[in-house]
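Next come two complexes, and both contain chain A; in the first it sits with chain B, in the second with chain C.
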Partner chain A sequence: MSRQPALRVRDLTVTFGTARGPVPAVRDISFDVAPGEVLGLVGESGSGKSTIGLAALGLHDPARTRVEGSIRLGGDGPELVGAPEAVLKRVRGAKAAMVFQDALDALSPYHTIGAQIAEAYRVHHPQASRKEALRRAAAMLERVGIPAARASDHPHHLSGGMRQRVVIAMALVNDPDVLIADEPTTALDARVQRQILDLIRELQAETGTAMVLITHDVGVVAATCHRMLVLRAGEALEEGPTARLLTSAAHPYTRALVQAAPTLRTPPGSRLPTVEDPEPKPRAKARPRTAPAPAGVLAEVRDLRVDYPGRRRSRPHTAVDGVSLRVRHGETLGLVGESGSGKSTIARVLAGLRRPTGGEVRFDGRDISGAATNARLRRELSRDVQLVFQDPYASLNPRRTVEQIVTTPLRVHTDLDAARRRDRAVELLEQVGLSAAHLSRHPHEFSGGQRQRIGIARALAVRPRLVIADEPVSALDVSVQAQVLNLLMDLREELGLSLLFISHDLAVVRHFCDRIAVLKDGGLVETGPRDTVFDTPSAAYTKELLAAVL
Partner chain B sequence: MTRYLLRRAAQAVAVLLAITALAFALFYAAPSDPALIACGPKCDTAQVEAVRASMGLDQPLLAQFLDYVGGIVTGRTIADVDGTPIPCPAPCLGYSYTLHQPVLAAIADRLPVTVSLAAGALTVILVLGIGSGLAAALRRGRATDRLLSGFSLLGASVQIYFLGYVLQFLLVYSTGLFPLPHYVPFAAHPAQWALGLLLPWLVLGFVNAAVFARLTRSQLLETMHHGYVRTARAKGLGTLRTHLRYTARGAAGPLVQLLGLEVGALFGGAFITETVFGLGGVGKLAVDAVNGNDLPTVVGTVLLAAFFVVVFVAVADVVVAWLDPRVRLA
Partner chain C sequence: MAAVSMTHVFRRDRVGIVSLAVVGFFVLLAVTAPLITALYGKNPTEHYGQNETGLLSPEGLPVLPNGGISAEHWFGIEPGLGRDVLAQLLHGIRTSLLIAFASAAVVAVIGVVVGVTAGYLSGLVDRAFTFVCNVLLAFPALLFLLTLGPVVQTRFVGHDESEPAWMQFTVLILVFSAFGWVPLAMVLRTVVRSLREREFVEAARALGASRRHIVFRELLPNVWAPVLVHITLAVPAIVTTEAALSFLGVGINEPIPDWGRMISRGSEVFYDDPTYMVFPGVSLLVFVLAFNLLGDAVRDALDPHTVR
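This part shows the complex of A and B:
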């Protein structure tokens, strides 16, 4: 922080006009970013972190948004708050550039990546010829690790990681003074996330660009940022060097945020701190270090193969090939893998929702491979196997009340009358930390974490023998994730549940599961007790995954 | 691309064949007797039978159908009522015994009227529909938006035969602001051509523009929320350039597809328009043919309308694929 700051934000307040009146999104935020410095803006959804990023480039719709305060680039740059479009146009992409979260959405599907980068150059270099701009784009692509020959590809031909590289190349093509990266790696697999963060850091150090990194992930901040600013509900809570905030934050919220996400060093099965309960009492009975004494096998797949039919004449796509797995009574099996590894397909087969192309599928010794095409068998299976889904917004019917949602499995599978079903629903809601008062409400009245609790209550309604949880916490904010994980751990103790737990997050799996199976491209890479897989992994791929954990 | 076009062409032929078969089944199996009508009221039974034989109507229905389809491909010779052979080169759509000319010739005589109507109406639809949709999207929620939405709703709910007669009464008969709708070939006098069709164009355009206005508005609003539009602005592109290069391109696909269907609909709806404005196009030909039991002409015009729909829908698909590289023509 030697000279003038590259970005200076003072008393920034952003208010959205909505049908129900003005809603403040950000209140009185002030910060500086020095040239060459990386500042992390950390917060959960609704904290206003992305709003600050958009305000810095004047990208809010002025008709719907009121921005007050001051944003300046450099010590003597023009005031950007309230600046006319002509001024903002010269700043955007030239002096301050932005990297967005979802590269597939952020890139135009209609233009080649080379043309899109070249356009970003030409907008600010009108004298440059088309050819010169394309040369510059090609050079930029090479710099982010993409062969220049791919400049004529469209975004949908590239992998997620490469698309994010393109977005970075586009942002850096004009050597901006300030780079704002809004969740640049959130949609990516861990290994790719690591590569992209390394690339961003490398380029940032090379160009001396000041960077604002917006993220919900404390791990990302720890790996990239010099300083961090913690936001909550639109207000700044705490600011300081990353190292200090990670170890000795002053504000309890910051501490909770830092500790809520399990890491590879968190004692497995321990109660996770949350914002409401920053220093939880340790669990009375800790989860044993290894799986409980070998009990009988509850569910298993043997030599499973699943093909998805290809389009028209193209060959079928094999999602899972030669996988053998078993879930024992009372144990939690964790399935880890990157996107496309076949995790969810295996879950669908075990739930009787997808017919396997080959191999055996057994539940409690019974062949259930035909459940997907046999309504009676599937119905019988769903009495014993229930699912908790990833997206708590999409997996609850918005037109039904909580009572209807939770009691539907009871109506299908038991002969309880309406009053008894209602009693059971109340019992379930209390088990998941909700109450009878919530029965008549609709899903939209609940937060994401509460919805996931409703989903869990629904899954537990018929006292299933196996619960399959497919990424049950990955759509949730970290502190909510901690709450839901705590809840699942409590319920598991209390009800002696057997679980198949699917996640891309190795730290979460390590925290929650007894045995681990690592999947890659539809094949089983490694399987074993939790501590064996994490402490002495045998497969190179597992080691690679572990190395990528932030 | 070539493979796609070939498959699309095969599909089109199959659709047209099915429609021909259906039209055949419907009209030729009907209880009325074309031979009787062709022969005239003064014919006796023997004469009618002779006419029937010369028209080929004594053949089994399937044979007649095959003759007909064969005629489209290779052409054939058709016997007139009195047995004189009439050459009918490919694509032969049969011979009208009412009009005493090949159906194709009858259609060709009147097609310019219908095509002129459709082309002009389409222009009005595009300008009015897309223009007002664009204006409404850019001024969403404001007075302009509400006014345009109301206007397009009015257009959608009013019928051509109502609006057409009202406007003709007001603008032609009462005030004389417009000439009575009439057709002058474009080649003969372009200005007269446009002037004579102006009123039908405006009426057709206004009535049909509503769907386009609504779709344009909703497509634009949806596309504006895409990340790539925001990216374009974050690069430093101006508002106009962003909308032209990115928003418009994203919104165009569904509009092109609707346009493909609309062309077909304009031909289908031509008979109402032509009746209302007293223009002698293919629509009027078709209506007269149905009323007069002129079966070859009925089937011919049905086939023509289907042909236009099939062709324009395929063209729309190709254009959409050209606009959006993610669409694979498969």
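This part shows the complex of A and C:
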């Protein structure tokens, strides 16, 4: 590229000073971003991708962070590494702007969105009048697709996608040369994510701003970026045009990263490539998953309705309304929907944790709708129905050892003595790819994927007949997600499990489930065998969801 | 998080180590006070100044300079009654620590039970709890203590006898506990309310665990950190309050040695014998400071987010 780069980073090394001594977050990173170009920084958690974004705006706390190397805006711009605060202040927002992941955190709850965008403008245009700034803010809102009339709204009046639009408007109001977007769509539902990415791309092409897009999601990069830089543990592994890296990457890690997340073209039930070495050996033969022969119904909800009581005097909020579902023996039912569609509520009702307001809930023919209030019934139910939770950090008690955690269901439901419980715990840990040596450790000594394995071992301890997995891989990095999915597929084959699998990720559900139920706003939109739902969806909403998958 | 890493962090906190050593020293003195005074050859209640000549002037002031410090009486003697200051000081630690530790123990038990219960049950129990807490916090505790002393004296003790020592201690411990559990219970209620929403509690319920299992095995291991911090900060507060009450004359009565009463006596004779005030005053200051610093260090060690 002959033109001057808009952002030039050379030998960037960032070291955090911690209680245990300096920890390098990124080492010797170099890249250029040309004007009008979009560079994707891709990596899993801990790869240092956000650190680079913060360093580009000089946002690291100098007391605890050492930044070395060189960062320049526009080939001959000022050096930003080690620059005094006065220089950085002129650059931030005006020449280089940032879009953060969490729009709610990035906006002040006490000011209207119009005032906040106007403020961002006036910081760098002190001579501009208040009126002119507000006029510009309104124009900017229109450009990101929000009617200017809403400029007097506060952030909490807007949806998540609208808030992210406001943050983008704030970042672009000063026509920056470089825009850094740190996971701008990670917290959003797929359809909204699609809209926001389209908007970003459109505005970026229109203004010719150079952009650095930081993300863990290869799909986002594929949809948005010209070039991508793959990071792992603070080091740059591979850089190149997106199309080349997606199809024929040189580095095995890049290849694994690209293929680890299932897409709508991955053969369902196939083993996903993983990155980590200590992956348990595949036990089941890799073969495409075929739906089990029709068998009896194991769990069933009919006309389910669940209301959450409103706060104070407001009306109760209906989370699930008129949903009928059934899980057959040996079958995996996938429950798909956006946030707030009632997926988790259905899981809780089936696990006996929440009492339905109306409708029927049956497990193995028995009415279990009272389990939430009847301790004995819930105890009996939990012998057969177990849950795997989304967040492996929150769902394991930090003060208990792995042995205590895994043997808790055995204490509750069996009369095995301590030694036999321990034997069973070892057996379970080995089943999920851990070992007896892990028994006396605490959850914080494990990685996210290992913790999720512990959660799975706990759920399997009493050999339940139905396992409800509520977004079991959403909180995990893609390579770890692939490991956990592989493990769940192996265990399903080995133990003949029936599963209710809840996810917002259509590709994962397609990969893992036999039958699919699509939920929207607490109602059932469509249900049917996997191939029918994905190949010939009947509901318009399902088509919309499928179109939004990157 | 784990106990191992906590002691590890604590060990690197130099202020924490020093304050722990000081606190340990005071506890050691309290435990071995009778032994030390026996070796020293004095006891805290004997009126040396009145029994021996040449120690106190006719006005009741020590004859020797600096409050009568001598090879015989290392910290001097008390004006008026002529008791040995060092022996009184050592036994005074026992009084303070006995009341403080006993009250803290009762506070911990009541606070944990009530706070965890209210936090876990919520609903009506929680509303009742909040109301009781607000009433107790609004209660003028100091005035209550001031008025309680004479009431106990007239109601439970005969005209011609003095209040027995155990009764004085019990009344103080009960009153400190009655008011002291409120802040701890309120903290724990908040902690438990947030823990309750954590997924691991839900996970335990989904496993079919009983309420008792959830409270004792899932919640309690997570609340001992705030309890420990609260207790280490409550002990010095009780020590100063007890001293203040004795200073005002409603705490521990003669002849049980007590720092607060020593300071009170010291203030009466401060113009003629300033030294007598110095020893109990400095001891109280050093002890309370060390215990407060220890509390800070414990809190830092238990909180993984503290930046050092």
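Basically, the second predicted complex is superposed on the first by the 533 of 550 C-alpha atoms of A that agree within 3 Å, B and C clash if a C-alpha of one lies under 4 Å from a C-alpha of the other, contacts with A are read in each partner's own complex, and residues count from 1 in each chain.
Here, a contact is a pair of C-beta atoms (placed from the backbone, for glycine too) under 8 Å apart; a residue touches a chain by one contact, two chains touch by 3 or more.
No experiment lies behind these values; they were computed from the predicted model shown.
Asker: Considering only the touch criterion stated at the top, classify A:Arg400 as touching first (chain B), second (chain C), both, or neither.
Answerer: In the superposition, A:Arg400 contacts chain C only.
Asker: First (chain B), second (chain C), both or neither: which does A:Arg383 touch?
Answerer: In the superposition, A:Arg383 contacts chain C only.
Asker: Looking at A:Leu57 after the superposition, I want to know if it touches chain B, chain C, both of them or none. Which is it: first, second, both, neither?
Answerer: A:Leu57 sits against chain B, while chain C stays out of touch.
Asker: Could you look at A:His413 and tell me whether it touches chain B, chain C, both or neither (first, second, both, neither)?
Answerer: A:His413 contacts chain C only, not chain B.
Asker: Given the touch rule stated above, what does A:Lys131 touch, chain B (first), chain C (second), both, or neither?
Answerer: After superposing on A, A:Lys131 lies clear of both chain B and chain C.
Asker: With both complexes superposed on chain A, which partner does A:Met98 reach: first (chain B), second (chain C), both or neither?
Answerer: first
Asker: Indicate the residue numbers of chain A shared between its chain B interface and its chain C interface, in ascending order.
Answerer: Chain A residues touching both partners: none found.
Asker: Which positions of chain A touch chain C when the two form their complex?
Answerer: Answer in residue numbers: 19, 64, 351-353, 375, 378-383, 386-387, 389-391, 394-400, 404, 408-409, 411-413, 442, 444, 455, 458.
Asker: Applying the document's contact rule, which stretches of chain B touch chain A when the two form their complex?
Answerer: Of all residues in chain B, those touching chain A are 226-228, 230-239, 246, 249-250, 323-326, 330.
Asker: Which of the residues in chain C end up touching chain A in this complex?
Answerer: Answer in residue numbers: 1-2, 9, 198-200, 202-211, 213, 217-218, 221-222, 307-308.
Asker: What does chain A use to touch chain B in their complex?
Answerer: Counting only chain A, the residues touching chain B are 57, 59, 85, 89-94, 97-98, 100, 102, 105-110, 119-120, 123-124, 154, 156, 167, 170, 311-312.
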